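So, here's a batch of structures to check.
Across the two complexes that follow, chain A remains constant while its partner is chain B and subsequently chain C.
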Partner chain A sequence: MNTVLSRANSLFAFSLSVMAALTFGCFVTTAFKDRRVPVDIHVSRVMLKNVDDFTGPRERSALGFVTFDLSADILAFFDWNVKQLFIYLSAEYTTRSNALNQVVLWDKIVLRGESTKLNLRDMKSKYFFFDDGNGLRANKNITLTLSWNVVPNAGILPLVAGSGHVSLPFPDMYESTKSY
Partner chain B sequence: MLSIFKTIPSHMDYKGQKLAEQIFQGIILISAVIGFVFGLFVEQFGWTVYIVLAGFAVSCVLTLPPWPMYRKNPLSWQPPLPEMSSEPSQKPQETTKKKKHK
Partner chain C sequence: MQCCAFVLQLYYQVLNFGMIVSSALMIWKGLMVVTGSESPIVVVLSGSMEPAFHRGDLLFLTNRVEDPIRVGEIVVFRIEGREIPIVHRVLKIHEKENGDIKFLTKGDNNAVDDRGLYKQGQHWLEKKDVVGRARGFVPYIGIVTILMNDYPKFKYAVLFMLGLFVLVHRE
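The block that comes next holds the complex of A and B.
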């Protein structure tokens, strides 16, 4: 501790250890928090097409188009250990060939500091809702759930399912695809 | 360029070093506690980091340069032996011994 460099060295190392302890304390204060927020989903329109899926099997597969409304208040989510949220809407259903199918339809990244009231109307799905086969036609029960990934400053990344979900049946007939 | 920095004296005596270490550890711990409570209250971890960095800067200013308060207890060296031509072998040993104490 006699020269400036050795004093600076011990000062800096002590500061880093204290910062590490504070980060661990930050993680501990939010590790066991219940992160569920009520969510309101409403589907306004569903359309079903039968098209060629060039990435899958060679027969025509079912392609669904879902238009939905979404409203949620996620202000309670952003405590001091949350850096951003990754929200996604997924559809779950059962077909004859598979017991459980899960397809992600739409997602969004909500950064800290952006507006925390989600009020989306008439949103189209971002990703294709393809089924491998024709299991979507006349499917009685397709459940849309909103889930999110919490990206923290320090600690584990919990995956939470929202508490609102919507089940809806799909139409019985395919729409004919128009070609221009 | 580094030789310029080596000519600036930056030593402290032992009690001064102990005082400097206590000072910076105390300042950083206090700023850590304040920062943790403040960040928890404002719900932003960035404030905690800023407060700890401020504590780090304050303790840098207080403990890195050799202020006079760290030189209050200098070591009392023995007075140098007078130059005697009859003992040429002992003198260099004693002067080299004194030079090693920093």
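The block that comes next holds the complex of A and C.
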């Protein structure tokens, strides 16, 4: 232990092991945490159109428009091992051609340190709600759920669904108006 | 007798080395079986999932059949004909009753979905394109792999030093 090199070597090895232990500690202490939080979703307006799917396969498909309100308090999520939350609102429904469809309508990244109260009104969906085909018309049951992906500093990446979800029916007729 | 002792020691060192290599291989193959993924640990190569994942982060994947693909999950997939695995999030899924699923992905840091990345004429990804779903994450550790890929001289230098070390270290 009397040359600079051997001291530097042991210091380096020690700091590596301390960091590894800390990382493992971060992972183990938050691996089994229950991360559900109540959420309030309210849908104010729904409209349906039938157009060529310009985002992909150019077939005539159903295009849905949903305006929604969202409120949730996610402070409970943030502990020492959370780097960010990826929050997304997804619509889930069944059609004649597909047993299960899920479409993400809106998402947001909340970093550690940012405001943790979500209070959004009259939000339009961020992504086009195209169906694979024409299964949205007169579909009685479209469920909107708010979920989040917890990105830790180190450890497990859980996907948690919020406890409030909203079911809504889509209209029977397509609209041909230009505006939304 | 001196040369005998030397030969024995060399033999022992070679066997030792072989043991280490085969244990590492066994652990890797064992991980592949347990997780169901052909590549259970991947290094993030691009910045398209920032701020969640940066270049050099390590991801632990699983790809079990009983875990269906759902939106919001982070999938690592390969596009047909290309080698580089891409780490993005599932945006849309359409699943048939028999379990056939087609899905669309998008990187968190990208403004548009991945259709521009897929093959010409391909609009959806399927289960066969998936390498695995990201279940765990450790930051920064994979930087060494990226350094070795970007600067091949560094890789040769490391290998050379390792070889030198093994030869010189007689214990």
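As a working rule, the second predicted complex is superposed on the first by the 170 of 180 C-alpha atoms of A that agree within 3 Å, B and C clash if a C-alpha of one lies under 4 Å from a C-alpha of the other, contacts with A are read in each partner's own complex, and residues count from 1 in each chain.
The rule is simple: a contact is a pair of C-beta atoms (placed from the backbone, for glycine too) under 8 Å apart; a residue touches a chain by one contact, two chains touch by 3 or more.
Being a predicted model, the structure only gives us computed values, none of them experimental.
A.B. asks: Put the two structures on top of each other at chain A: do chain B and chain C fit, or clash?
C.D. replies: fit
A.B. asks: Tell me which partner touches more residues of chain A in the superposed arrangement, chain B or chain C.
C.D. replies: Partner with more touched residues of chain A: C.
A.B. asks: Answer with first, second, both or neither: which of chain B and chain C does A:Leu111 touch in the superposed model?
C.D. replies: The second partner, chain C, only.
A.B. asks: Quick check for you: in the superposed arrangement, does A:Asn153 touch first (chain B), second (chain C), both or neither?
C.D. replies: The answer is both, since A:Asn153 touches chain B and chain C.
A.B. asks: Considering only touches as defined above, state whether A:Gly25 meets chain B (first), chain C (second), both or neither.
C.D. replies: After superposition on chain A, A:Gly25 lies in contact with chain B alone.
A.B. asks: In the superposed arrangement, does A:Ala8 touch chain B (first), chain C (second), both or neither?
C.D. replies: Once the two structures are laid over each other on A, A:Ala8 reaches chain B alone.
A.B. asks: With the C-alpha centre of chain A at the apex, what angle separates the C-alpha centres of chain B and chain C, reported to the nearest 10°?
C.D. replies: Placing chain A at the corner, the angle measures out to 50 degrees.
A.B. asks: Is A:Trp80 in contact with chain B, with chain C, with both, or with neither (first, second, both, neither)?
C.D. replies: Touch partner of A:Trp80: chain B, not chain C.
A.B. asks: So after superposition, what is the minimum Cα distance from chain B to chain C, given in Å?
C.D. replies: 13
A.B. asks: Chain A residues touched by both chain B and chain C?
C.D. replies: 153-154
A.B. asks: Give every residue of chain B touching chain A within the complex, in rising order.
C.D. replies: The touching residues are 10-12, 17, 20-21, 24-25, 28-29, 32, 35-36, 39-40, 42-45, 48-49, 52, 55-56, 59-60, 63-65, 102.
A.B. asks: Can you tell me which positions in chain A touch chain B when the two form their complex?
C.D. replies: 1-4, 7-8, 10-12, 14-15, 18-19, 21-22, 25-26, 29, 78-81, 153-154
A.B. asks: Could you list, by residue number, the parts of chain C that touch chain A in their complex?
C.D. replies: 51-53, 70-74, 89, 91-97, 102, 104, 108, 113, 115, 123-124, 134-139
A.B. asks: What part of chain A is in contact with chain C in the complex they form?
C.D. replies: These residues of chain A touch chain C: 23, 27, 55-57, 83-84, 86, 88, 90, 97-104, 109, 111, 127, 132, 147, 149, 151-157, 159.
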